[in-house]
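Order of writing sets the chain letters: A, B, C and D. Residues in each chain are counted from 1.
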Amino acid sequence: MASVRTPDPNPGWLSELALEETRSRVPILYVEAVPVRLDPNGVVEKVGVLLRTSSATGEIIRTLVSGRVYHGESVRSALMRNLEKDLGPMAFPALPPSPTPFTVAEYLPMPGVSALHDPRQHAVALVYVVPVTGDCAPRQDALELTWLTPREAQSADLRGELEGGRGLLLTQAMAHVGANLA
Amino acid sequence: MASVRTPDPNPGWLSELALEETRSRVPILYVEAVPVRLDPNGVVEKVGVLLRTSSATGEIIRTLVSGRVYHGESVRSALMRNLEKDLGPMAFPALPPSPTPFTVAEYLPMPGVSALHDPRQHAVALVYVVPVTGDCAPRQDALELTWLTPREAQSADLRGELEGGRGLLLTQAMAHVGANLA
Amino acid sequence: MASVRTPDPNPGWLSELALEETRSRVPILYVEAVPVRLDPNGVVEKVGVLLRTSSATGEIIRTLVSGRVYHGESVRSALMRNLEKDLGPMAFPALPPSPTPFTVAEYLPMPGVSALHDPRQHAVALVYVVPVTGDCAPRQDALELTWLTPREAQSADLRGELEGGRGLLLTQAMAHVGANLA
Amino acid sequence: MASVRTPDPNPGWLSELALEETRSRVPILYVEAVPVRLDPNGVVEKVGVLLRTSSATGEIIRTLVSGRVYHGESVRSALMRNLEKDLGPMAFPALPPSPTPFTVAEYLPMPGVSALHDPRQHAVALVYVVPVTGDCAPRQDALELTWLTPREAQSADLRGELEGGRGLLLTQAMAHVGANLA
């Protein structure tokens, strides 16, 4: 009869109400990842871009691997959890040995104020380039993963399709890895 | 009679109650800075360490420039605001052109779990090395700024005095700038 | 009678013959710098591009601050020497505290093989973003320094005018500092 | 009669005489690597240190993966070639997607002038942390590869045994990956 409370299996998860309130109070910490395929010398051959339903607007949009860091969760664990959520369990992402992101992305809720925009919140994301060697099988709300060459990833059309201005992050990622952007 | 609401001059500020509740829900985003004096070639000559009253425990402790990023505030603005709060208005900090921190510091509320520890919260800090060229006059709760050589900054005694395990951040900062740590 | 040899005041300097021979044997180490003007928060407002006579071809071309690291010279000293050579003695460049470049640029002598090209040699350059606060007065073979907005620095026309493919380095520099490249 | 010259299969290789002359003229470009074993989240569990005969002094010393960048060779190819030379063909090193080293190491021929020292030459090395997943079988002059915990890699004894002051590079590598150095 006594109801023994089991530990919350998902302690970082918040109710919609609590999350909405929290979003009005502090910037929300995210991790994002640009999945890449490398040749044996570490040169980026392909860049992965997700096609999915926007959790903000419900539209079909292109985006990157992205998710919140939960309370009590390490940045590395959050990165791994979100890679698995968006690419499936067989992607075999190779997390970088350094915790330093290649850039910090700041999203503001007001459109037009900054290059990056998230209507739900002020979000700050640590962004990583993550090589994957396995098979990517997007799941949950991700419909498809498209592999593009670095040059294709830089096309103006594609940039415009990326949610919240994330075309900028793709450009920064390609610059960081030294891909030829000409 | 109508009370006209003036815009909140400090929109990121939260009541103690709201802050405490928020701290139980999400990791809180901080910026931290290691102030340095450079020679003309960019070599670090001195490292600044603060002596101040811990806002967590009330004890006198050594620490770095540190503070929360407010809702709606950019990371750069938060860094500048906290440098001015801790070093005074005449320090003339030279913020780096890149928004990428040299490391990401993760503080957990449970002691002993991680190298870095904050009893109040799960905090994630973007940490920067910031050259200052002016006069530093600590204010608010900061009692004193001590300038140390990179070698002095590495002494085991000093490391032990730094709040929350931040001796690790000093070591990482000195490694990042290529200071001789022998 | 005795001819007393005074120490070579310029020990890294090589005769044209010795330099040419050396260039056929090993990659030659360079430093390059992208000069920038920052606002107080560290945001890049302007990017400096040099107009000068190419030492490779004699044509008038656009380029970056660039020069060889001499034998026995530190990377920091080489960077400072070349900044002074190209921007004059009153530019007051702020060398970064970390010796890590934002990218490594590899120039090959054969055109079309790589994004970057130097007909004289195989050169490897450590490339830095360097804030300058003083007055720039190009000297020696540099004719003029033009200050551009990050957006202007990204125009396809300008990119095409940069010597040896260095438009790529400008793009990488702007990505590194988080400039909006849209 | 006509002696047809076949292309040099090893074009970057230089005779001892040519190499010695070149070393007196310009800094020589090297790549170095700190091999690491990672856990699935990218946390460094072990650091590899080589035991080998010093090519400078003939003594048995500890060192890192290290070698010259040949004329015409890319930095990535030089890194891969030297990893294979020192760790064997089955080490499966994962070269990082970015060409930016975590530090630049400068070796001067005069002892005591700088933290890093190479009696043969002025060398400048681009230093990388490289995860390896396969079996390491040192060959050529490398006698053994020892895997150490990050803490063991920081012991004062080990640091003293590393050739040319490379204990500093180990400390910098561990700081870069966020290993607990306490």
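The working rule: a residue touches a chain if its C-beta (ideal position, glycine included) is under 8 Å from a C-beta of that chain, and two chains touch if they have at least 3 such contacts.
Chain identities (UniProt): A, B, C, D = NUDIX hydrolase family protein.
The structure displayed is predicted, hence computed values, not measured ones.
Looking at the partners of chain C and chain D together, the chains they share are A, B.
Should one ask which of B-C and A-C has more C-beta pairs in contact, the pair is B-C. Rounded to a multiple of 5, the Cα-based rotation taking chain A onto chain D is 180 degrees. Each chain gets one centre point, the mean of its Cα atoms, and the points for chain B and chain C are 34 Å apart. Chain centres here are Cα averages; for chain A and chain C they lie 35 Å apart.
Multi-chain contact residues of chain C (touching two or more other chains): 74, 99-100, 102-104, 176, 178. Residues 103-104, 115, 159, 165, 167-168, 171-172, 174-176, 178, 180-182 of chain C are the ones that touch chain A when the two sit in their complex. Taken together, the chain B residues at the contact with chain C in this complex read 36, 38, 40-44, 74, 76-77, 79-80, 94-100, 102, 129, 131, 176-178. Chain contact summary for the complex, chain C toward chain D: residues 12, 14, 18-19, 22, 24-29, 68-75, 99-104, 106, 108, 114, 122, 124, 126.
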